[in-house]
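Okay, structure first, notes after.
First chain written, first letter: the chains are A, B and C, and each begins at residue 1.
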C-alpha cells in the first residue's frame, strides 16, 4: 500500500517546512496568545467593572466574536486592517499590511474574546469574601484586584488558558484560506509542487498531533501541581 | 475612505446565474445548516458511545475511549478534513479509492463525516463530564435493584446526564455550525464560501461579509432560543440545571 | 466613636435595615444578636462602608460615611473587620497576609510591617506559623491570624461578623479568648455573634435585631436580666437553653 509513496520528500523539504512554516505558526501562536491575553484581561475587567456601558460594549464584542466562524473573521480582518491603518495614520489610501500582521491582528482580536470569558469565569469563581476582606483592610479596588483577586484567579485559570492556547495553535492552520505560508501552508505547497499529497498531509497531521499531545500532557501535569497548593 | 459602499448589491444578479447575491448567500446558509445537522448527528452518535465508554469500569473500554478523544482533539480540523478528502482515497485499494473520488457532492459528505468525527470527541468529553457529575449513589442504587450495567446507563444515568449537559452541548452544536466554514478548503461552498465568492465577483467586500455575519448571528439566535425551549420541555422538576 | 442614625437600606425591593439608630462609644464593646436574616451582618458591613445605605447617616470618629469627599479606603484602614469565613488570602503566606495592607495602604516599609506582624502573631499565639500558607492552618488558627491582620493596621475600632460561627466547637474558645483580651485592653468593638457567654463576660451593651429593626438596645445586665420585648425574650430563651 505504501510502496508508491515517496516519504523522502519530507526530508528534502524539512528546512522549508520548519524554518519557514513552523516558525510562522509558532510565532503567530505565541504573539497572538500574549496579545489575546492582554486584550482579554481588559475586556474581562470591563465586563466585571460596575459601569453598565463598558460592560455592555465588552459583552457585545465577546458575543460577536464567539458567534462567528474563525474563517469569516480571518476574511474580515484581512480586508479591514488596511482601512483601519488608513484611519489611524490619516493616510489617503488603505495601508498595505503584510500577511503576518493581518493574521496577528485577527487572532489577537478573536482569541481575546475567548480568553476574556475564561478569565471572567476565573475571577468570578473567587469567593466574594476575598475582595471584601481586602477592602475592609483599606485596599482600593485597583489594589484589591492586583494583590488579592487576580493572583488567585490566574492560578485557577492557568490550565484552561493554556488549553485554549493549544487550540489557538491548531486554529492558526486556518490562515490557509488566504494562502498564507504557515506550517500547513508550507506542507501544502510542497505537496502540490511535488504531487505528494499523502506524504505531506500525513506528516503535517503527525507533527500537529505530537506537539498538541505533548503540550496537553504538560498542562495536565501543571494542573496536578497547582491543585496541591490550595 | 476610498471604499465605495453599495448596499443594493444584494439585489443585483449574481454572475453565476443563480439569482441575486442574496440568493447566493441564502443557498450557502442552507448548505451550512444541512452540513451542520448531518455532522451533529454523527457527533452525537459516536460521541455519546465513546463518552460512556470512558466512564465504564473496564480498562480496555476507557483506554480506547481516551485514545479516540486524543486522536481527534490533537489535530486541527483543517488537517483532518484534508486527510479524509485527499489522503484516504489514495490509501484505499485502487478500485475503492477511485469510486470515492468520483462520488458527487464529495465535499459535502467529507465535511459532514470529518466535522462529525471531530466534534464527536468533544461530545464524548461532555458526556463523560455529565455522567461523572451524577451522585455516585445513583449507579449503586440501580445495581442494587438488579439492573445490568447497560440498563443502569440507559434508564438511570444517561437520561439525567443528558439533561445536565444540554447547555454545553448547545454551544458544541453552535461550534459545529461555525466549523462548517472550514470545509470551504475542500470545495464546500457554504455560507462563508458564498460570501467570499460574492466578494470576489462584486468587489463589495464589506457588504458581502456583513451579510454573512448577520446570517450567522441569526442562526445563533434561533439555535439558542430553540435549545432553551427544548431544555424547558425536558426539565426535571426541582432539578434545574442538574444542580 | 461610631454613630448610626436612622439608617435604611434596601437590596432592590427588599428592605434589609429599617430606621436603625445606635452608637458605640470609645472603649465600648457592643454585641449585636438576633435571628438569621435580621440584618445584623448588613448593619455591621455598613459601618465600614462595605455595603452602601440609602437613608440616614453613619459617622465614624467624626468622619461621615455618606460624604462624597470621604476617602473610604483610608477610613476602612482605621476600622478593622473580622469575617465569619476568615478570608485570609490563600496565595500569600501568613506573614505576607499581615504585611500586604500595612505596606500598600499605610505605606510602611517591609521591615516595619514584618516586625509589627510578628509581634501580633506572637500575641495571638501563632509565632511559629509565620511562613506557612493559610490552608495549612486549622480554622481557629486562621481566625486568630485574621484578627492579627486587622490589628496590624492599628485600628481605632474592630468589627466582628460572626467570628466563631464557622468554627468547630473545640476551636471557638481560642478565638474568643483573643477577643476577650482585646476588649479588656479597651478596644472599641462591635461584635455580631451568637456566643452569649462572650456577651455576658465582656460586653457593655447588647443590641437585639429582628427583621431589619433594632428591637432592643440595652445595657448587658438589663438585657439578660429583663429584656423588654417579647421577641428578645423568645430569642434569648431559645439560645440560652443550650
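In this text, a contact is a pair of C-beta atoms (placed from the backbone, for glycine too) under 8 Å apart; a residue touches a chain by one contact, two chains touch by 3 or more.
Keep in mind that what you see is a predicted model, and the values were worked out from it rather than measured.
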Just say which it is for the chain contacts: an open line, a closed ring, a star, complete, or other.
line
Looking at C-alpha means, what's the farthest chain from chain A?
C
Closest chain to the overall C-alpha centroid, by per-chain C-alpha centroid: which is it?
A
Most extensive contact between chains (C-beta pair count):
A-B
Roughly how far is chain A from chain B, going centre to centre by Cα mean, in whole Å?
21
Measure off the straight-line distance from the CA centroid of chain B to the CA centroid of chain C, and report it in whole Å.
55
So, what's the distance in Å between the C-alpha centres of chain C and chain A?
46
Enumerate the contact residues on chain A facing chain B in the complex.
1, 64, 67-72, 75-76, 79-80, 83, 86-87, 92-94, 170-171, 173-174, 176-177, 184, 197-198, 201-202, 204-205, 208-209, 212-213, 216
For a test of understanding, state which residues of chain A touch chain C in their complex under the given definition.
127, 129-130, 132-140, 143, 147-148, 151-152, 155, 229-230
Listed in rising order, chain B residues that touch chain A in their complex are 1-3, 70-71, 73-80, 82-83, 86-87, 90-91, 174, 178-182, 184-185, 192, 195-196, 199, 205-206, 209, 212-213, 216-217, 220
Listed in rising order, the residues of chain C that touch chain A in the complex are 48, 50, 73-81, 83, 85, 87-91, 100-101, 104-106, 133, 135, 146, 149-150, 153
